[in-house]
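Across the two complexes that follow, chain A remains constant while its partner is chain B and subsequently chain C.
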Partner chain A sequence: MAGVEEMESQTDDKENSSEKIVKTKEKNSNQDSEKLMKLPLSRIKSIMKSDPDVTLASQEAVITIAKATELFIWELSKDAVHSTLQSKRKTLQRKDLDCILDTRDCYLFLEGTLD
Partner chain B sequence: MDSNSGDGVGDGMGESFMGGQYVMEGGGDGEELGATENDDDNRGDNEPLREQDRFLPIANVARIMKKSIPKTGKIAKDAKETVQECVSEFISFITSEASERCHQEKRKTINGEDILFAMSTLGFDSYVEPLKQYLQKYRESSKGDKGGSGGADGTLEDLAEESFTQSLSTGLLTSEQANSQNVIYAPYSGAIAQNISFG
Partner chain C sequence: MAERPEDLNLPNAVVTRIIKDAIPDGVNVSKEARLAISKAASVFVLYATSCSNNYAMKAKRKTINANDVISAMEEMEFDQFEDPLKHCLEAYRNEQKNKKEANEKKKKEKEVEVQTVEDVMEEEEDDDDNDGDNEKDEDFVAEEDDDDDDEEEDEEGGDVESVGPASVANDNASVSGSATGSVVEISDDDG
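Coming up: the complex of A and B.
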């Protein structure tokens, strides 16, 4: 009987430790996903400064644009995936992006980009 | 990795690492971010950006895209490339508008407010509120870093992406239905501990 009890307690320990591992992994993956979501600020800055009219941009400006860019990608993808699902496909394709471009006024600036 | 003069020497891979302006991306070094004036000095302003520098890295773009599609969904490579191009257009578009406002007000440096104003002018006003909140947290965390030790980060946690996208999506739904500028923003739900990581 003692042996059975030992086994049970070991099982409990294992469950506890596996819970901890799962939580740690989740936390790490959350942190990782947050870090991985960040876009390279130096590249964003390069793109901004490729405009000859742009002289200086504050750190805040670059960070704001970086965040706005994330939102833009998110929104663009979310819109495009509607078209994907309507066509009963699972893969988001370029034509889905083409489809949604005229659904919002704010996408008008992309008119020439997708030619 | 030795530093070089930034000349176009070496193979393609070597160039991308040896360009003088290529400071640690995502290295979390806050000091580098402020050096907007001194950065890119090695490269002449008249030189056009190289192909790989004109766009954001496709992996980063794809990662963000994946957040908004169903888990079982996939993204075609040409779609990722297209979004890459769109994103660069977006950055240029917003920056150009912000820069114009700056010039009008006889200022030389584009700041966060200019960007927000440009967003609003160009039809991205649904982004403004989430960005304002993000900026506020960023400013608060910057003050915290200056005042305290590096351990101050422990008191703040990452801004959840969901909280931004929630307020964004609510606004989107409203504008879709009513096709008007009246956007209702969902209030922040709960006390989400905040942290800005620039890593």
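Coming up: the complex of A and C.
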């Protein structure tokens, strides 16, 4: 299977920085058509590695999770700003986030993690 | 597990850009809210990874693939992500395919170039009189002995040589012309 990358417990900083450079260049080359990836794949990979149950993940899986995370940030911000506008404020604050985290079921997994 | 800020947090600049794209113009984000969203995103990655891993393990696989991730989104109640993720994956696969084809094309072109250069070098080795063609040197040697206007002919280079039989036939031929042209005036003194 092409692009299968083995998860190792040790993180190589040099490898990550060189990967970032490669990914940055790839990101720049994608700007003409569409911005495929905004979040650095190396960072996403580091977070995935911290799960001891995970052994291997394909490159496509990392990319899909990265894109899903971008969509998540976008969705969370969009929901939170409703509370901001309702309160007639112009700055999105922490309390706006707390407000919507209680309302939607899909944000239940965040309970207790942001404190 | 040890928490390393560098490893578990996403870059602030990128997170801020995504937030600003999502909210209306003129609305700002407090530092506290930005950090909370960034942390939430990291937790999301962990949660998505764990759910995806469960799907992989159910299918008796050790490797998480893209389909596991998309299935996990449904379980996590983020169904609305399914279509955009599928589009993104398709775009990525097409991009990889195009890159591969472009690389193969470049390889083939290079091979053709190398072959062409080799052919040209072989031809140059055969061209002893350096006149740009591989015509028999015997003709060249014969003309040199017969004609008095060899010097002029030499200046004309290949153009004269290409005239070939005509120049041998016309003993009284005078050759004139510009350096670039191949004009040959043939005058018959016997008239």
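Annotations for the structure displayed:
The definition used in the following text is that the second predicted complex is superposed on the first by the 78 of 115 C-alpha atoms of A that agree within 3 Å, B and C clash if a C-alpha of one lies under 4 Å from a C-alpha of the other, contacts with A are read in each partner's own complex, and residues count from 1 in each chain.
The rule is simple: a contact is a pair of C-beta atoms (placed from the backbone, for glycine too) under 8 Å apart; a residue touches a chain by one contact, two chains touch by 3 or more.
Fair warning: this is a prediction, and the values are worked out from it, not measured in the lab.
Once chain A of one complex is fitted onto chain A of the other, the partner contacts of A:41 are limited to chain B, with no touch recorded for chain C. With both structures placed on the common chain, the touch criterion links A:93 to chain B and to chain C. Of the two partner chains placed around the shared chain by superposition, chain B and chain C are both touched by A:80. Across the superposed pair, chain B and chain C both touch chain A at residues 30, 34, 36, 38-40, 43-44, 46-48, 50-58, 60-61, 63-65, 67-78, 80-81, 84-85, 90-94, 96-97, 105-106, 109-110, 113-114. If you check the complex, the residues on chain C that touch chain A are 1, 7-8, 10-11, 14-15, 17-19, 21-24, 26-30, 32-33, 36-37, 39-50, 52-53, 62-66, 68-70, 73, 76-78, 80-81, 84-85, 88-89, 91-93, 95.
If you check the complex, the residues on chain A that touch chain B are 30-31, 34-65, 67-78, 80-81, 84-85, 90-94, 96-97, 104-106, 108-110, 113-114. On the chain B side of its complex with chain A, the touching residues are 21-23, 25-26, 32-34, 36-37, 39-40, 45, 48-49, 53-54, 56-57, 60-61, 63-65, 67-70, 72-76, 78-79, 82-83, 85-96, 98-100, 103, 108-112, 114-116, 119, 122-124, 127, 130-131, 134-135, 138-139, 158, 161, 164-165, 168-169, 172, 197-199. By the touch criterion stated above, chain A contacts chain C in their complex at residues 1, 4, 11, 30, 33-34, 36, 38-40, 43-44, 46-48, 50-58, 60-61, 63-65, 67-78, 80-81, 84-85, 90-94, 96-97, 105-106, 109-110, 113-114.
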